[in-house]
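In what comes next, subunit A is part of two complexes: it sits with subunit B in the first one and with subunit C in the second one.
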Partner chain A sequence: MAVDRYEDVEFGEELPEFTPDISMPKVVQFTQAAQMNFGRFTDHDEARKSGLPGAIVPGIMSQGILAALIHRWAPTAQIQKIDTVFRAPLVVDSAPTCRGVVTDMDDESRIVEIDLTLCNEAGETRVLGTALVRL
Partner chain B sequence: MILDLHNHSVASDDARAKVENYCQWIQRRELPLDGFVLSEHRQFDSVSDYRDLEDQFGLVILKASEVETEYGHVLVFGVNDDLQASFDFSSVKLSLETVLSEAERCGAIAVPCHPGRPRVGMSAHFEQLGPVDGVTVIETLNGGSRGRENDIAIELAEQRGYKGIGGSDAHIVSHIGRCATKIEREIRSIEDLVGALKEGDCEAVSYQ
Partner chain C sequence: MEFNIDEMKEQYVDHPFDEVEFVVDAEDMVAFAQACGETAPHFLDPKAPDFRAVPNYASRYHGRRSLPKGFPVNMMASFDAGKSVEITGSIRAGDRLTARSHIHDIFEKTGRSGGMLFIVHRMEFSNQDDIKVSTVDWRMVVRLDMTRDKKAKRGAKTQSGES
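Now for the complex of A and B:
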């Protein structure tokens, strides 16, 4: 059920996880829209030639996926800040899991802090971060 | 006791967790931790006082440091004024030999962390730099490890007779408690912890 009030949130609450679509057609669509047409994002062979494990998801696309997680949970939430650390590449055509959990709440400002992660199929964290969200 | 020996707070440049939120998380999730260690990158926090949080949450909160050497990253437990004066904690090019020997001289202990990790782990540098003398304990379980990194660390400990510790290497609140260290004796201070590690009273445990 979607959340729209600060009072409905609890410390430790897990946001509903989802598997984002990071298939090649979707990433190509994103890179075209973002004018980031580089082989490391859209061509597995070219990416491997430069030492990557395959074509990788652009960082700002990962950040967008994490923001989408928040808005799937709380459609009216205002994201005040989203801060990401890119630990390891997220490979295009893989099936990562996007998760979030509430780790701080400020009753005065009605802002909650959320831990965010994108993990690969092996459960390894590839992208992590936090967001400050006003409800 | 079970202590998570490797975590970072907002004092580290790449970490986002507040210490109080670590405590709240441990309590809310009923994690089997008796305490944790903050090991900030390239610095030692000699100012922060967590006694109120310790009392409020019934946890032991200790402070250490994670420094950077030519062999990769190293946790230093038992940092004191003498040790802080003996080398520059902010350097990214410390000598592991110096860190090990100065820690020993000052009553501390240096523990290479995530030794199976490419580039920032000790084993990645053996081929080029050769083996290292003076290591007695390594981090065999690191919560942020990928692929075979922890397996490599465990194999390294078995081959060379090192004792192993575990730490989550948490940079966000919800990552604390992924790995930890079981210690038979009571730990109430960093001196207690250093004594336990020097005597090999430590066993790495995973909760992942």
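Now for the complex of A and C:
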């Protein structure tokens, strides 16, 4: 069930996880919108030639996916800050899982802190971060 | 290459080196949001009340240069270690954003895989009403051991008569 108000949030609550679509067409859509048309994002062969395991998802797309995780959980949430660490590449056409957990709550400001992760199929964390969210 | 962090900080941190303008396009806002898996109409439908860009939208913009002139690091040797976006206002379709860049911090870290130089590139975005809407910190990393190893190998080659 979607969260509307700060009072609906529980410390330690896990956000409903989801598997984002990082298929090649979706990544191409992103790179065109963001004007990041580079082969390492949109061409597996070209990416492999430069030593990558395949075309990789742009870091800021991963960040946007983690922001979407928050909005799917709380559609009216206002993200004040989102900080992400690109620990390792996330390969295009794979099936990662993004997760979030509420790690802090400030009753006065009505801001919650959420730890975020984006893991590959092997369960390895590729992108992690935190967000401050006002409800 | 050896880096003198204190000297680099004094010379480069907090000195603006780039300013550029962008006009925000509604179609790009929607495509960006769709590709990230957003479902809320206020990110996807330009006719929705309060239609606005997703929180990290400003991170898609780049200045005319990534580092100040004379900065002693080759961009090609660096990698993108992360981004932090602070949102202080909404970005709307048709907004004219001004982005100003400076180096926010330079520091060294040593981990299991060796030393790394972190360069925090900050872009501050204001809209046409001079309201600050977003601050994007881009953490660039250069592996120090890699540059040192290369230098050592070059030195070894030179000593053995190779070039």
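The definition used in the following text is that the second predicted complex is superposed on the first by the 135 of 135 C-alpha atoms of A that agree within 3 Å, B and C clash if a C-alpha of one lies under 4 Å from a C-alpha of the other, contacts with A are read in each partner's own complex, and residues count from 1 in each chain.
What we mean here is this: a contact is a pair of C-beta atoms (placed from the backbone, for glycine too) under 8 Å apart; a residue touches a chain by one contact, two chains touch by 3 or more.
Model, not experiment: these values are computed from the prediction.
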First (subunit B), second (subunit C), both or neither touched by A:83: both
Per-residue contact with subunit A, leading partner among subunit C and subunit B: C
Partner chain in contact with A:11 - subunit B first, subunit C second, else both or neither: first
First, second, both or neither for A:125, with subunit B first and subunit C second: first
Touched partner set for A:95, first subunit B, second subunit C, both or neither: neither
Which superposed partner A:67 touches (first subunit B, second subunit C, both, neither): second
Doubly contacted residues of subunit A, that is, touched by subunit B and again by subunit C: 83, 85, 129
Contact footprint of subunit C on subunit A as seen in their complex: 18, 20-21, 26-27, 29-30, 32-36, 59-61, 63-65, 67-69, 71-72, 75, 78-86, 129
Parts of subunit C lying in touch with subunit A, wherever the complex brings them together: 27-29, 31-40, 43, 54-56, 59-60, 80-87
Residues of subunit A touching subunit B in the complex: 11-12, 83, 85, 87-88, 101, 103-104, 113, 115, 117, 122-125, 128-130
Of all residues in subunit B, those that touch subunit A in their complex: 14, 16-18, 21, 24-25, 28-29, 144, 146-147, 171-175, 208
